[in-house]
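One chain, chain A, appears in both complexes that follow, with chain B as partner in the first and chain C in the second.
Moving on to the complex of A and B:
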C-alpha cells in the first residue's frame, strides 16, 4: 500500500497584492511584482495554490552607513550616499526584485532632511531603476507625518509600498496611500492581535485589504527569530482559516536585524572559535530569511547580495515541483 | 491519542461488579480517562480491550534514544505540527558525517574536534550532537567505529548498507547504543537481525516516500522497537513534503506505521545551501539532521536555529543571571542593569556592544520577563537589583559605585540608591538609545 500525502482543506487564502505600476497602469515601472495568493502553508503546493513566489527587496539607505561591517562595505561602499546609484547596483548587479528605500535622513537626530529633499530622493531612485519600490519613513511619527504627503505625491501612481502604519499613527500614511495609489504596510510589535487591530483601523479609513502588506517587527537568528517565526506561522494559519483581517501578505526586515547580531558583526580576530566571519555573517542573514520563508513571509528585505542570492536559489528549489509524482 | 471515558467504557465488561473499587464500569472509565486509575484494577478486562487502551496511551511518535550517559540523544514523542500549539519537545540532533577510511589518528582527531565543537550562548552550551560514521567500502568499519567511540562520547550513527560491515562495527560499539543506518528493501532481514541482537535503534530507508510506511511496519513486526525513518529525498522540496507528510500522518491520521522520528541528510550544491536546507529540516520536523561539514561558521547558525525553534513558546529562553563583560571591560567601565529575559538581554548587549564602550551588564533574575513586565510583577525592584549587585560581587569588579538602570524604571532610583548604597543613573527608555547614552557618559569617579 502506497503512503498517501495527508492533505488539509483550507477555507481561506492570502490576498494577492500587486506592487508597482507600468506605464499602461499609470506608473513608470518596467516590471511589477505580485505577492501572496497562497492557499496553503509555505511551498505545500500539493494541497493548495501557490501562485506567486516570495520575493527579495534590497534595502537602500539615503544616508551613508557609518557602522556597517566590512562585507557590506565591500558590496555597497562605492554607492554609499547615492541612493539612486545604490538602487541601480542592486538591480543591475544583484538582480533585486524590488528596492526598499529607507528615508533615514529625515529623522530629527540624523540630519532632519526636509520633505522636499526626501521627495527628490524618491524621484531619483524611481528614475534610476525600473523595479517597484518600498518606501520606508524615518521612524519618527511626527516627522513621518510631515514627510508622507510630499513623498507619496512624488511617487504618485507608481504603486509603491509605504511603511509603516502603526496602531497610534496610521492616518496620514493611509490617506496619502489612498490618494496616490500606493500600498500600505501595517506594522505590529510581534503581536498578532495588534496586527489585526492596525489592519482594521487602516481598512476602516478606506484602504482596501488588497492594498495592505503586514509587517511584524522582526528578530534575527539567535535574537528572537522564534517569536517572529511563530507569529508569521500563526498569521498564515489565520489567513488559511479565513480571517480576512489577517490575510494580507507578510514582509520581514531581515538584513538590518541579522547584521545587528554579534555573530555577524564580530571580526575573526575577536571570535576565532566561530570560523570565517564572511561565511557566518552571510549565513546568519540567509538563515534568518530562510526560516521566515517557511513561516510564510512573502517579501524579505535583505542586505547582503550573497545572502540574497542564496535565499533566492532556495526559493526556487522549494517552489520547484516534487520529483515524485503522487 | 487518548480515548474518552465513553470510548473506554465500551471496552469494559459493563457488568458493574465493583471489584475495581468503583461503583460502576462507567465511573471506572472516567477515572481511567483522567489517568487517575490503572486498568489492572479490573480483573475482567479482555486482552483486546487492554491492547486498545495501552495503544491509545502510547505517544503518536515513538521515542528513540541514541547513545548512553548524559550525551544520549532522545528524539521523537512530538505532539504538534506547530510550535505555538504546545512546543517541540525533543531538540533535533545535529550529526556530522565522518568517512571511515581515515587512518586511526585522523579519525580520533576528527571525533575529538566534533566533541569540542561547542558554543556558549550566555550560559547555555550548544553544539554538535552525533557523529555519523560512514562506511567507505574497503575500509575497516569495525576499527573505525572503535576509534571514534574511544575518542568521543558523542552518540554514533553507523552508516552502511553492507550487513557484514554493520554487524562487525555494531558488535564493537553496541554498548554505546549507536543508531544503525539503514535497513533497506535490499538488506532488510540481516539489518533487522543485527539491531535485534544488540537491542539497538534502527533506521529504515526507502527511496522516496511511497514505501516508507510498509518498511517501517515490517521492522516493527520483526520486533525492532526503536525506529528512525529516512525517505531519501533528492531535493529540498521533496524533503519538505516528506517531512510534512510523515508528521501529519502520525499526528492527524494516527498512522502508527510512520509514528517514528525521521533522519534527514541535508541536500544542496554548496555547504551554505546545505546549511540552509538543514535549517528548514530543523524547523520542519526532522529528528536528526546530517551535515557533511564541521566549519564553525556554518555550524553555529544551525545550532542556534535548533535552539530557537525548540524553545518552549510558553517559557522564553532565560539568560543565566550574573554579571557579564561586554568588550574588554575594566574597573572603570560603566555598569548597566537589566533583566534575564533573553531578548531583553541580547538587545541591551547588542546596543552596548555597538557603542564600542566596554561595559558590565548585571543580569537580574526576573524569571525571564522583560523590564516593564518584571517591574510590574515586582521581580525587578530595588531589592532584587541590590541583591544581584551583592550576589554577583559587582563591587569587586569596578572601582566606581554607579549603576545605570533602564529609563522605564526610573522610579526605582531613590530606593535603589538607599538600599544598595550605589549612585543610580537613569539610562534611556529604549535600548537603542544606549550607544548615545554611553558615549556622552562622563568618566565614572571612583
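Moving on to the complex of A and C:
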C-alpha cells in the first residue's frame, strides 16, 4: 500500500513583497529580493507553495561600535565607522542578500547627527552596493520623525524597507514610505494583538498590505526566544488561516540579540566548560536564527558572517531535502 | 464563520417583483450590498410563487454574475432548478438543500457528486423535524451516510439542524444547539454545520436581537456557517466578536475594522 502524506488545507497565504528596485523600475539596485508568498508552514513545500527562500540581511551601523566582542571586530574592524565600505564588504565578501543600515548616530544620546547627514550616509551606502536596503531609524520617536522625510527622499524609488512603525508612532514613516515608494516595517513588543493593530493603523494611512513587513521585538536563544517563536508561529498560522492583517512577511533581528547573551560574550577563562568563545558565540547567533527560520521568518538581520553562512547552508539543505523527497 | 447572504429571495416583495418582471437593478443592488457587508456566499431563491422556476433561476444567476463573482448558494426544493443554477454558477456553489428523506437524497446527492460542490442537508425526514437533538443527529447521520455512498466527502455536507421560530417552538432552540455540537462527531473529517438563522426570530418583535443572540450561542457550539442578513450591522458585529471570543481570530483593538478590511 502506498503512503499518502497527510496535508493540511490552508485558506490563506503570506503576501509576496519585493524589496529593491532596478533601473527599469525607477531605482538603481542591481538585484532585488522577493520574500513571502508561503502557502504553508516553513519548509513544508510538499504541502503548499514556498516560492521564496528566507533571506539574510547584514546589519551595518553608521557609528563605529565600541563594545563588540572580538569575533565581530575581526570580521568588521577594518570598516568600522565607514558604513559604505562596511556594506560593500558584507556584499562582496559575505554574499549579503540585503543590507540593514541602522542610523544609530542620529540618536540624541549618540551624536545626534542631522537628517542631512543621515541622508548622505544612505546615499553613500546605496552607491556602494547594488543589493536592496533596509533602513532603520535611531529608535527615538521624535528624532526619527525628523529624520524620515529627508532620509526616505534620499532613497526615493529604491523600494527600501523603512523601520519601524510602532503603535504610537507610525504616521510620518508611513507617509514617507508612500511618497517615496518604500516598504514599511511594522513593529510590536512581542505582542500579536499590537502587531495586528499597527498593521491596521498603517494600512488606514493608505499603505498597501503588500508594502508591509512585520517585526516582533525578538529575544535570543536562552533569553525569551520561545516567546518570540510562539508569537511568530501563531502569526503565520493566522496568515494561513486567512487573516489579511497578519499576512505580511516577517523579519527578525538576530545579531544584536544573540551577541548580547552572556554565552556569546563570556571569555573562555571565565567559562572554560562552555568551550571556545569564538565557536560558541557564532553558534549562539546561528541557532537563534535557525529557530526563527522555523517560526516562519522571511528576513533575518544578522551580524557575524560565519553565523550567516551556517544559516544559509541550513536553508539550502532544507530546500535540497524537499526536492530529493519529491 | 461563513456568511451566506439571504437577501436575494423571491419571498421578499421587492425581489419577487424584480424576478417576475426581469428587472435587474434590485437584484444587482442586493448582491453588491451583501458582498460589501461581508457575505461569503449569496443565496439565490426564486421564491415559491414563480411559475417557471428553472428559467427564473437561470436569469437570477446570470443577473447576479453581472455584479459579482462571489460564490452562490442555489436554493430550491426542486432538483431541476438546482441543476439549472449550478450549470451557470459553477462548482464553487452550494446546493441548498436536501433533507434526510430517501427520495430527496437519491435525487440531490448525485448532483453534489457530479458538481463536486457542498450540499446543505436539513435534518428533516419522512416524519418531519425531530423534536430533540438526538433525533436531528440521527437524520444528519443518514445524510452523511448517503453522501459517502455517493462519493461526496463528508466535509462537503453542511448539516442544517433546522431552527424553528422561537414564538412557536421554544423547546427546540436548546436542542438545535446540542445538535450542532453532536453533528461534529459524526465523521472525520466532520460535516460542517449551518443554520437558516432568521427563522428563529419569525414573528417576534425584536428580530435583530433574537437573531444575533442566537447566532452567538450557536457559534459557541461550533457553528460553521449561517444563512443570514449581512446588512444587519449589529448581527455582523456580534458574529465577529463571538468568533474572537472563541479564539478563532486574533484580537486587536480595531478587530471589527480588521475583519472588514
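One rule holds for everything that comes next: the second predicted complex is superposed on the first by the 319 of 326 C-alpha atoms of A that agree within 3 Å, B and C clash if a C-alpha of one lies under 4 Å from a C-alpha of the other, contacts with A are read in each partner's own complex, and residues count from 1 in each chain.
Rule of thumb we're sticking to: a contact is a pair of C-beta atoms (placed from the backbone, for glycine too) under 8 Å apart; a residue touches a chain by one contact, two chains touch by 3 or more.
The model shown is predicted, which means the values in this text are computed figures rather than measured ones.
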Chain C versus chain B on the shared chain A, clash or fit after superposition: fit
Partner chain(s) touched by A:164 [first = chain B, second = chain C, both, neither]: neither
Touching partner for A:234 - first (chain B), second (chain C), both, neither: both
First, second, both or neither for A:50, with chain B first and chain C second: neither
Which superposed partner A:172 touches (first chain B, second chain C, both, neither): neither
Chain B versus chain C as contact partner of A:104, first or second or both or neither: neither
Partner chain(s) touched by A:246 [first = chain B, second = chain C, both, neither]: second
Contacts of A:196 with chain B and chain C, given as first, second, both or neither: second
Superposed model, chain A: greater residue contact from chain B or chain C: B
Minimum distance between Cα atoms of chain B and chain C in the superposition (Å): 8
Footprint overlap on chain A, comparing chain B with chain C: 234
Contacting residues of chain C [partner chain A, same complex]: 249-254, 257-258, 261
Chain A-touching residues of chain B, taken from the complex the two chains share: 82-84, 119, 121, 208-214, 234-238, 240-241, 244-245, 248-249, 252-253, 258, 272-273, 275-277, 279-280, 283-284, 295-302, 304-305, 307-309, 311, 313, 342-343, 346-347, 349-350, 353-354
Complex contacts: residues of chain A adjacent to chain C: 192-197, 200-201, 203-204, 234-235, 238, 243-246
Residues of chain A touching chain B in the complex: 1-6, 8, 41, 43-44, 46, 67, 219, 221-227, 229-230, 233-234, 237, 260-263, 265, 273-277, 279-280, 282-284, 286-287, 290-291, 294-295, 310-311, 313-314, 317-324
